[in-house]
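Chains here go by letter, A, B, C and D, matching the order in which they are written, and residues are numbered from 1 within each.
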Amino acid sequence: MSDRRRLAALLPAIVAAAVLAVIVRAVWSLPPEAEGLSVAVSRVAAESGIDNKITVVLLDLRGYDTLLEVAVLMLATVAVLSLREDRDALYRRISERAAPVLAALTRLLVPLALVVAVHLVWVGAVRPGGAFQAGAVLGAAGILLALSGYARPQWVGRGAMRSALAVGLLTFLGIAMLSIVAGGELLEYPEQSRKTLILVIEVLLTLSIGASLVSLFLSSASEGPKEAGR
Amino acid sequence: MSLLEHLPVLAIVVPLAGAAMAFVTGPRRSALECAATSVLTLVPVLLLAARVLDSGPQRYAVGGWGGPLGIVLLADGTAALFLVLIGIVGMAVTVYAAGYFPTPDEEHPGPGHGLFWTLWLFMWASLNALVLTADVFNVYVCLELVGLSAVALVTLTEGAEALRAGMRYLFASILGAMTYLLGVSLLYASTGLLDMEMLSSALKTPSVASSTGLALMIAALLLKTALVPMHFWLPTAHAAAPSPVSAALSALVVKGSFFVVLRLMLDVMPPGHLGGADTLLGVFGAAAIVWGSVQALVQTRLKLLVAYSTVAQVGYLFLVFPLAGAGGAVLSSAFLGTGVHALSHGLAKASMFLAAGVVLKRFGHDRIADLAGVARRAPVLAATFALAGVTMMGLPPSGGFAAKWLIAGASITSGDWWWAAVVVAGGLLAAAYMFRLLATFMASPGDAPEPAAPLRVVRTEWVPLALATASFLLVFAVPVVTQLAEAGSVLARVGGVAP
Amino acid sequence: MTVWLPVLLPAIGGVLTFAMGESRSRSRVAINLGAAAASVAVVIGLTVDAYAGRVATSTVAMLPGIGLTLSSDLLGLLFAAVATVLWGVTLVYAFGYMSHAEDRARFFGFFALCIASANGVALADDLVSFFLFYEVLSLATYPLVVHSGTGEALAAGRRYLYYALGGGSALLVGVVWLTVLAGPVSFAPGGAIAHVAAQAWELRAIFGLLVAGLGVKAALVPLHRWLPGAMVAPAPVSALLHAVAVVKAGAFGMVRLVNEVYGPELATSLGVAAPLAALAAATILFGSVVALRQDDIKARLAYSTVAQLSYITLGVALCSPLAAAGAVAHLAHHAVMKITMFFTAGSLAETHHVKRVSALDGVGRLMPITMASFTVAALGLAGIPPLAGFFSKWLLGIGAVEGGQAWAALLYVTSGALAVGYMAPIVLRAVRPSASERVEGPESDLVLLWPIVAVALLTVLFGVLAGVPGSPVEWAARAVAPSFVGWTP
Amino acid sequence: MNPATLYPLAGAFLFATGVYGLLARKHLLHKVISGNFLGSGVFLVLIGLAGRSSAESPDPVPQAMVLTGIVVTVALTALALALIKRYHTATGLTTFDPVDEEQL
């Protein structure tokens, strides 16, 4: 091992140690107690009547963060879609592999998954849950359908799937803009229709997140390395 | 409440919705959709800039909350300047890309299954969002949006080289984003605040944790801005990307993270609490100017030359920090110079990458040694490189000259004349690598047959020429830039630009 | 507004020339000649106004507190007139000379841009505006130097850039520094910075930087080395740019610097004028002596230019009114004389492929009119009355004596003798009977011949009519008079 | 040593491990996992520091930041994996440099 390589191996360790030292020193210096914004958030939560303070932060106080986060997810999906190997043969192989047992299981699980997803969306307003969790369940159902041959993997990138992927972000944006039309600022929900609007966003987000996960899964199908053994 | 007050969000929401719509409409119609969105994005940006010029900084409390609980968008003069840069280059990229990428059909939807347009609008939206936000955590989300779209756009080029470059870029991006977020968490733990303007007053009494947090955030942003010695990921990524993407990356993306550095260093951090950080950034900047230029000088590929030139030109942006400490006229002159440099380099660098794309398409390669005779065969391309080159060298009447004049003036006024020496040396080095290229263009082409290129590709060469001309004549736009800079929070503090 | 036209008209002409492309040569001729004629008309109009005391000034906002300002003062107009009038004449010559060359759109486009920036240099009202046009001029010349695209041309271009950009950097630092100390510096006859509170060493250092920057174009030794190399450019470029517009921009800058930035008094009291004068004197001797030994005609002319440019620099560095007037007059006189010679050299190369002094034998018989014109210019350069060169040298010499610096007068005389030394062989060889079989061959093509005769005639007219209002001598005296309090021509 | 410092310190350690892995490890999947270490480290710091609130429940703002951060990290990981897969298909490599490939 040359000196250069040895140095190259040592450098990451030095950097990591330095980072560790810097963080530890900073953490150590912090006072043991700090309120942060918790009191202020509690006050707002009490006024708005939503118990889950994290939900208040995510959807109301910092709803704009969440809007951009939805954009991040859609963007990542689009990015992965742009990288996919689009070959019918590839998709056919996925469907053909479907085993009867899997198909039976799918028939059983998918309806259940749908119910769970709906439930998760609904309770999101009061308890842990919401669009991301529901979307994950929905996505799992979608993947099952594709693997068992009930849904065709070629649909990745087709019109309906694209619409499903985008509808969450578009709805979120639309409702955000709606509050402007109603005379408020962006994402300032009108008081009377607040709950309904948030529910609409959550439902359609669930659909988009589910579609995202299915797309992510299916678009990473490949035929393996072209030059195997290199 | 008039619609004009919502201009900041329109500048973000319109391209974001446009991105989603372009995805839904599919590859064949998305170019048209993107063009329409580009226009609709540019309009609020220009109106916003006019409004800032007219009535000063605009604050927008998203959700009606405002700080410290909510997120505030701040469109001051500095932000407006960067928005305008993003808008102009963005529009150019859209127009250029329409001619650059082949017309999509069923068989060939274009690179990345025709998803360029969606990804590009995502990038535009996230850059606008990044520049407008005044919330340190929201910056993190915007940085991730920018990084994701950038990596995806780089890998639209087929082949292992682009994938490798894209992955390097992605890993650098992940390291940067996570370090930034770590910094935010320490800063929040120490102050309980995320809003930049509120942080600015809270930080008048800094603590170990808040200083560490800010240092981590800035270090992360330096990685994203590719300041030497953290530039390793930039040249390959910018060179491997499709040319319209290279233009956006070099002209806009590095400026986006630099903008946040500017905000943090000059707005959020109280003056006088920078420690040695300001000098250190200046030294890195000087090193970048020298190292980037020397690397550009030895490159054999056109796009790599242009990419290393970005590494060098980014260095100039950081000379403002050691000068800022002097305050008053020195700060105002250096700050204005930095703004002008960001604008002029953005225009010129975009034009160079776009022109390099046409070179690639027309001549089938970008080996500098084999580009003799470009001045005769493709005079528009040669003119583009010449005009943009004048900006790189900082010769009049380009924006680069105005920037150098202002920064060198600030440096001499402050007594720290060595920054002026760096600026002058950087101009000479830029002349060396640009004239190496231009001399090749001027050389006799020999007898090699002229390659034929489709007319729609050749026509795209007017877009970079327009950008290059704008950067060449930018000194005459400095009065407007000055007005914008004076509407920025930094110069408002020192009472504007002294004549 | 009119004051912008001498810059804008050639610039627009240049851009249109680019835009029209290579093939449309008729439109190219029309546009360039049109722009030249219009520019000449505008400069004449401005001059008439300036003689009547009406000086136009116009500013476009630029950097904070600094505008791009042009002003039609007599001194600037003299240079602008020389550049613009000779541009028109050279265009005629160049259309003939370049009729079969490649890349003509590029050539004439940059040619026009050079004149636009030379006019900018001439009319700039302040140091920053001057610097701006000076640098544009540097850049616009490069494509003309490397026009042929050969290795030799590219190498000459590279050397030109080293000097031009290095000098430009020195100039930039000097101008920034001075602006930081004194604020924006507008040219003012008699000096603009006498009131500035600054250390003497700072002002001396700045003077040094500015001289280094201007000295490149003015070809002061040791910054002259790019000039002979740049002769690889096509003849019209050598004629107009490397004898008139570009190099005179440097010499003209010296006039502005000494007379209108520092002012003769401050330049003398700071002790910066004397070293400049010494450097210019050395350059005169050096250029003249080296010219003696050049066999290549264009190289000989180039070294002659090196020497003659320093006539101007020395004249202004003597800080005496008559010498300054002589210097400014020489700016015009040398222009017409040297352009005649370069036209001739171009025609010799084009018509008979003669490029060396040693190959000139007998050419004078084939091209009597061309060589007669050359002879007029050569006599003028040597300072033979009543040709143009005599009067500027006379003023320079008298001024030197009046300023108590008789050594400079002696130098001018010596250098005149040396000029005879390097010009005489060209004329004598041309009229000598040919040893070879060169007995017949054409005179210069008409389109080349007319410009040669025209500029040679100017050499005569400038001399014969030296006392008439509007002649370079009288114009120059008026132009420098305000710099010297209490002196009237 | 209370939870309010234990979690952040553990987070710091995770983060440093991630930094080391991202810089030192050659295999691309190792790099991705290191990237996730970075994320987990930051989230631990955030959660731990949120616990310093004296109110009945921890500060919700850092918790919301963590939730957002998780989604972003998922998105980044997805793209990284897709890139690696595509790269592997194109070149058969699992590292940037074929030289490292042989050493693994």
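The working rule: a contact is a pair of C-beta atoms (placed from the backbone, for glycine too) under 8 Å apart; a residue touches a chain by one contact, two chains touch by 3 or more.
Please read these numbers as outputs of a predicted model, since none were measured by experiment.
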Closest chain to the centre of mass proxy, which here is the mean CA position: B
Distance between chain centroids, defined by C-alpha means - chain C, chain D (Å): 68
Centroid spacing, where centroids are CA-atom means, of chain B and chain D in whole angstrom: 28
Inter-centroid spacing, chain C versus chain B (mean Cα positions, whole Å): 43
Chain A and chain C: spacing of chain centres that average the CA atoms, whole Å: 72
Per-residue multi-chain contacts in chain B, two or more chains: 137, 141, 144, 148, 151-152, 155, 182, 186, 188-189
Multi-partner residues of chain A (at least 2 other chains): 23, 27, 30, 34-37, 41, 62, 65, 69, 72, 75-76, 79, 83-84
Per-residue overlap in chain C, given as positions that touch at least 2 other chains: none
Pairwise chain contacts under the document criterion: A-B, A-D, B-C, B-D
Chain B-facing residues of chain C, complex: 18, 60-66, 68, 102-103, 105-106, 131-132, 135-136, 138-139, 142-143, 146, 148-150, 154, 157-158, 161, 165-166, 168-169, 172-173, 176-177, 179-180
Chain A - residues contacting chain D, complex: 9, 11-13, 15-17, 19-20, 23-24, 27-28, 30-39, 41-42, 53-54, 56-58, 62, 65-66, 69, 72-73, 75-77, 79-80, 83-85, 132, 216, 219-220, 222-230
Chain B residues within the chain C interface of the complex: 333, 336, 372-373, 375-376, 379, 383, 390, 393, 395-397, 401-402, 404-406, 408-409, 412-413, 420, 424, 427-428, 431, 435, 438-439, 442-445, 475-476, 478-479, 482, 497-499
In the complex, chain B residues that touch chain A: 1, 3, 6, 9, 13, 16-17, 19-21, 23-24, 26, 60-65, 68-71, 111-113, 115, 118-119, 122, 125-126, 129, 137-138, 141-142, 144-145, 148-149, 151-152, 155-156, 182, 186, 188-190, 192, 207-209, 212-213, 215-216
Chain D residues touching chain B - in the complex, by the definition given at the top: 15, 18-19, 22, 28, 31, 35, 38-39, 41-42, 45-46, 49, 52, 61-62, 65, 68-69, 72, 75-76, 79-80, 83-84, 86-87, 90-91, 93, 96
